[in-house]
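Here subunit A shows up in two complexes: once beside subunit B, once beside subunit C.
For the complex of A and B:
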């Protein structure tokens, strides 16, 4: 049984959340206890499978799963063009993303159990949440470009439905429509690019495509059509305009997972630049590296300056999400810029990439935590307006503690995980260009300033009469936040094991384009 | 809003034919153009025909939202379990264990021009049937919700 499950982990990783989602409407008719238990079970199982799969990848190397056949070479009829089947190719980079997605999914589902308990239509909510989880997990483990598009669409549509979930508020529907429209336009561009590549090279498998690419004029157009929508989906300035509306109006638990979903798009962007095109960009690594760096710097700076004047706490956090995405783009962009220079890559390029990738997981955890604390405050007080909130430290001490952990982590204050990844980025980027590193530090200081303001206006001050009824949040919300907070603290106190066993293999996997191709084509 | 008796009777007569044609498209999905989604959409067209011809409240007895929800879940489950069933036969997910076994849907495909054998393709007809049921349920629910929305606005 053990080996049976171990053999089919990648398929089960997608099948489990899909199973949970499909059966949710039926289970929902059996009452709220059954529904909550089903949601919890689904999330727990998904997280267990995600972590086991990642562990398998870290111990035994890239896991390849071919749908409908034992090996990639097996085709029907036997002489058909190879490889034609859908494949999941889980290398260390995919494993890292799968861990992020499945861990956040667990925390967020537990949190939703009580945070959303007052709403109606919950079986649809959980069905959509599991579809979103399945979409994100699929995006990060698939080795097939068209399959990537399918999962991108699944996550976009489920995400849009979840954003518009609170239909009593017209703004939510507008935000949902905006997200759906932008995602569809972006996905259409991705589909067009995939069509261009398929028409030329007769393959959809990423490794096969990577081995056949010639970098014709059409390929260049396809690169643009792939990179820009994915940069938009991850919320990079100047394509960030959807993030504030979407993140603000969605239920907090959904927002926390939309952050993960946008990071799956970030993963897609890195995968396409490093693995799909990779060596073809060698005529000018710097151009493509600086493309990411400029996106990153713009996102960092504009995100944080837009965040400072916000009065809605979730809108403020949404701008910070844009700003933090900039760090990831900066770190990985520096790695891309020096990819052709083995000396610089070994000296600081890989460290910068490690910082960027470490920041992805850290960001998912502390930003998720912050959104969940904002949701907790909204759950008890019914408002997100910073000018109206105040004095909650007296009545919601644990929420305050979780908020402090999240806020200090996002500002890069030791000993929390944000500091660990930001230090890696500062140090390595400084050797690339001191100016960029200084901007990154200034942005961190502005982040701290902004969160001091939020902390002060939400939790400090005398207790207020209108929030006298506010109490600590129910246990499921507490556990959901605690799971994320625990990771923030542990990864901040002992970052070394995480970097050694999770991040560095991911960096090597991202750089090792030949290895990715050889896993399917057998060293051709 | 209710259409004339002629339209309503025509729709009633047409409805079973729509379903049968949809079922045909689903069942022959692995042989002819079409398949699960297309056949399911054809069947849902029958539901749309009824909805347009009759008043919304006259039709809710025949097309129930809960029944359609259950159909949707059954179709999706069928698809997922068809995929998972491969695991029981030492195949990967979606492994076509039914092909060439000489039982259901498992004749070898004849080469050259032939009228088509329904008993081929192994797992594929099952997947088509699953998708067909799911699309019938899903599209009908969408139609029911959309029409109930229009109705609600018309009420004074």
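For the complex of A and C:
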């Protein structure tokens, strides 16, 4: 049994949430307790499988899983020289993303158990939530380009349905439609690009495609059609306009996971630039690096300046999410810009990438935590308007503590995890271009200023009569927030083990294009 | 010349469909028409996928009683089927969104449907 599970981990990683999703309506008929238990069990199993899989990748190297083959490791059919089956290729980079996704999936599911308990139609809510989780996990572990498109669509559709879940006065549906429309157009562009690549090279497997790519004119068009929608889906300025609407209207637990879903798109963008095209871009690594850097700087600065005047706390946080995505793009962009220069890459390029990737996991945790605290305040007070809120520190002390942890982490204040990754970015980017590093620091200061304001208007001041009934959140919401907060504190106090065992292997995996290809086709 | 044009005709159709779809999405104000534009775009992509899979004189890869072994790899057909299924799901969901919006706002004019600001 143990070996069976261990052998089929990558498949189980997707199968578990899918199974949980499709049986949810059936289990839901047995009553509330059964439904909640099923949701909890599904999330717990998914998280356990995700962590075990990542552990396996860190200890034994890339894990391959070929569907329908005689053994899961048989990448090439006996009578063909190229892979024809769908396969999952989980290297250290994918493992990092899988850990992020499965951990926050666990946190938000537990949180939802009580946060959504007043709503109706919860069977479909959880079914959609698990579909979203399956889609995101699929995006980060797949080694097949068309499969990536499928999971992208699954996560977009489930995400849009969840955004529109609280119909209320139609605003949520408006945001859901916007998200669905943009995602579909983006996904169609991705599909066109996949068609262009398949028509030329007869392969959908990323490693095979990478080994065959000639960088013809059509490949350049395909690169644009792949990179732009994925940059849009990760919320980079100037294609960020959907993020505030979507993040504001979605239920808070969903928003926390939409952040992870947008980071899966970021992963896709990095995968395509580093692994699929990689060496072919060598004549213009600086250009593509600067493409990411400029996107990053714009996102950072415009995101934070748009956040400052917001009155809706979730909308404010959504703009901060745009801003924080900029740090990841900046870090990884600097790495891409110096990819051709082995000396600079070793000196600061890899550190910048490590900072960017570390920021992905840190961001998923503290941003998720912040959205969950905003959801907790909304749950007890029924409003998200900062001008109306106040004095909650008296009645919701734990929510306040969690908010403080998240706010200090996002502002990059030690000893929280945001500081660890931002310091890596500042140090390394400074050696690339001091100016960029200074912008990054200014954005951090503005972030802190903005969150001081939020903290003050939500939690400080005398207790207000209208919120006298507000109490501390129920236990499941508390546990959901505590899981994320614990990670924020631990990764901030002791970042070294995380960087050594999770981040640096991911950086090496991303840079090592030949290794990714060799894992499938053999030989180097 | 004529046969060459005929072979390339599907690609022209793809381009025309794409442009029509994009034009509908950009210039139309009615949400339903915007969604129709999206459907056109989807059809264009599906047609593009199918066309790339066409091989002159190729036969379906069914070995029983096969007239020749000059067969086409049916991957793109499989991709297109998948893409059509996804398209149906997407259209159904977005049309139901449009329906809810009509119920709540009393209009499907994209310029009047904007309670979201900031």
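Going forward, the second predicted complex is superposed on the first by the 511 of 524 C-alpha atoms of A that agree within 3 Å, B and C clash if a C-alpha of one lies under 4 Å from a C-alpha of the other, contacts with A are read in each partner's own complex, and residues count from 1 in each chain.
To be clear about the criterion, a contact is a pair of C-beta atoms (placed from the backbone, for glycine too) under 8 Å apart; a residue touches a chain by one contact, two chains touch by 3 or more.
The shown structure was predicted, so the numbers you read here are calculated from the model rather than taken from an experiment.
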Item to check | First, second, both or neither for A:175, with subunit B first and subunit C second | outcome: second
Next on the checklist: Per the contact definition in the header, classify A:184: touching subunit B only (first), subunit C only (second), both, or neither.
Outcome noted: second
Checklist entry - Counting residues of subunit A in contact, which comes out ahead: subunit B or subunit C? => result C
Checklist entry - In the superposed arrangement, does A:479 touch subunit B (first), subunit C (second), both or neither? => result neither
Checklist entry - Should A:249 be classified as contacting the first partner (subunit B), the second (subunit C), both, or neither? => result second
Checklist entry - So, A:518: does it touch subunit B (first), subunit C (second), both, or neither? => result neither
Checklist entry - Counting only touches as set out at the top, which of subunit B and subunit C does A:404 meet: first, second, both, neither? => result neither
Next on the checklist: Looking at A:11 after the superposition, I want to know if it touches subunit B, subunit C, both of them or none. Which is it: first, second, both, neither?
Outcome noted: first
Item to check | Touching both subunit C and subunit B, counted on subunit A across the two superposed complexes | outcome: none
Checklist entry - What part of subunit A is in contact with subunit B in the complex they form? => result 4, 8, 11, 15, 18-19, 22-23, 25-26, 29, 65-70
Checklist outcome for this item: Given the complex, residues on subunit B that touch subunit A span 66, 69-70, 72-73, 76-77, 80, 83-84, 86-87, 91-96
Next on the checklist: Quick check on the complex: what are the subunit A residues that touch subunit C?
Outcome noted: 146, 150, 153, 157, 160-161, 164, 167, 169-171, 173-178, 180-181, 184-185, 188, 191-192, 194-195, 198-199, 202, 204, 244-245, 248-249, 310, 312, 315
Next on the checklist: Please output the residues of subunit C touching subunit A within their complex, sorted ascending.
Outcome noted: 25, 31, 34-35, 38, 41-42, 45, 48-49, 52, 73, 75-76, 79, 82-83, 86, 89-90, 93-94, 97-98, 100-101, 103-105, 113-116, 118
